[in-house]
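Just below is one structure, and these are the notes that go with it.
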Amino acid sequence: MKARFDGFEAKIRESFARQDIMRTLGAELVRVEAGAVEIVAPVLDEMRQQHGFAHAAVSFALGDSAAGYAALSLMEGPDEVLTVEMKINLLAPAQGARLHAKGHVVRPGRRLVVVGAEVWAETDGGAVQVALLQGTMIPVRPG
Amino acid sequence: MKARFDGFEAKIRESFARQDIMRTLGAELVRVEAGAVEIVAPVLDEMRQQHGFAHAAVSFALGDSAAGYAALSLMEGPDEVLTVEMKINLLAPAQGARLHAKGHVVRPGRRLVVVGAEVWAETDGGAVQVALLQGTMIPVRPG
Amino acid sequence: MKARFDGFEAKIRESFARQDIMRTLGAELVRVEAGAVEIVAPVLDEMRQQHGFAHAAVSFALGDSAAGYAALSLMEGPDEVLTVEMKINLLAPAQGARLHAKGHVVRPGRRLVVVGAEVWAETDGGAVQVALLQGTMIPVRPG
Amino acid sequence: MKARFDGFEAKIRESFARQDIMRTLGAELVRVEAGAVEIVAPVLDEMRQQHGFAHAAVSFALGDSAAGYAALSLMEGPDEVLTVEMKINLLAPAQGARLHAKGHVVRPGRRLVVVGAEVWAETDGGAVQVALLQGTMIPVRPG
């Protein structure tokens, strides 16, 4: 997808920096392109569920954010996006060194943007897909 | 729904205590009945998104856990549950003093359990529903 | 929920009558109130899947329509609604004499309406819930 | 994905032929491979919603079936599959000469199979994606 306006990367990086939860998760933006954003975060002890894996909410947080910023990358000016709804299918336990979320735009729109994301658990030896997300973002004008 | 076996509350409280993420969120089990579990957590600064509200992943974490434990409350003995998939619709910004998640079982089953949850943002003056979840849990035998 | 304007029942009945698929399914509106609409249809031979039950798409059609008309019941004047997204959990085989879909509004809104629906399979002896739906409707102005 | 056993195409074609709803929709299997199945159907007058487009339930029926048969293509012997849950995002009105559903397996498993599907509306001049589906299938042994 082609960027339809300049400056989207700066806008996304600034928004990301304002999200306390991304800092709490140790998350980093590793790719910011028009229609595709990727986020990586370590698997932190304090985010584990009862079996010792990262809780599904961590995969949700990273996948939802990567998808939301992918939507934002195609929007002009002062817009932000909010998640309307998100569906996550969990494919495998989130274990390993880090989680890598890859968000993309399925269908851009003026009123709504349909998005998807994959989340992969990576170790130095390889990667396993742990989640698949599909959802809807809505542009909002900051009040 | 009637409890089909004794001891489910102790099993759920023990499992909950093993979840590091619940401690990180400051979450507490406030109701544990057969087929219905409720969790309350404060809205923490370190879990905020860019507009200053709790990130959708916090509502997801609490709603998913309340729903999962509601499913576990109907299962015998050593079983645990994992989330197969979860859909969340976000209804309003998660602002206020605390979030209150109410999980319930829609349809128990031997192979799969269909669950739902609501998440409410509470202040001393009232409560607003911020999320609605619908998903599927699967029983697992710890290895 | 209180009706916020007059004439919603006539608007819904007229829209329903224009849906060829509802006629094909033998579907009837059996309840039209502000925020709650119910539809009943027989289990037709020509809509069966390979095990002889009604195909999941029939439960989807009825539940989605009941939910969409529940949303429309709260909208003014010339508006119509379209389904943005819908999630269906299938709970039991759709067998019996007829299917009864009950749609309701979870959260009305100017830009989007969150809805839910249940579908029950009824025989003369009783009823079994066969599906649970959760989704999002968007108002559209006919062009 | 590699076929793990012989005979899956015959099994799928036989199951498809037993679905009355596929005949009612005028649907045809146009591709049957291990992990990927495609179905095409005309846009029929009797399946229209109130704006004259194919009802969302038609896209659901075709996408769900393509995804389900993609799951079945990877299963041995006498197994069949049922849909546990399915989420559909509607991207554009389903208008044109025919609908083309493309189902695939995201993650095969012994207990559950995660699947996806796209539905495209085709005319002689081109194609527009009208729906995206993500869901879960469960193997069943016919009783």
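Note that the chains are named A, B, C and D in the order they appear, and that numbering of residues resets to 1 at the start of each chain.
To be clear about the criterion, contacts are C-beta pairs under 8 Å (C-beta built on N, C-alpha and C of every residue); 3 or more make two chains touch, one makes a residue touch a chain.
This structure is a prediction, so every number in the text was calculated from the model and none was measured.
Colleague: Based on CA centres, what chain would you say lies at the far end from chain C?
Modeller: The chain lying farthest from chain C is A.
Colleague: Which integer distance in Å separates the CA centroid of chain C from that of chain D?
Modeller: Those two chain centres are 22 Å apart.
Colleague: Please report how many Å separate the Cα centroid of chain A from that of chain D, as a whole number.
Modeller: Distance between chain centres, rounded to whole Å: 28 Å.
Colleague: Can you pull out the residues of chain C that are in contact with at least two other chains?
Modeller: Answer for chain C, listing residues that touch two or more other chains: 84-85, 87, 89, 136.
Colleague: How are the chains arranged in terms of who touches whom: line, ring, star, complete or other?
Modeller: Graph shape here is complete: every pair of chains touches.
Colleague: What does chain A use to touch chain B in their complex?
Modeller: Interface residues on the chain A side: 15-16, 18-21, 23-24, 45-51, 55-58, 60-61, 64, 80, 82-90, 142.
Colleague: Please output the residues of chain B touching chain D within their complex, sorted ascending.
Modeller: Its residues touching chain D are 84-85, 87, 111-112, 136, 138.
Colleague: Show which residues of chain C lie in contact with chain B when the two form their complex.
Modeller: 87, 89, 91-92, 106-107, 114, 116, 129, 132, 134-136
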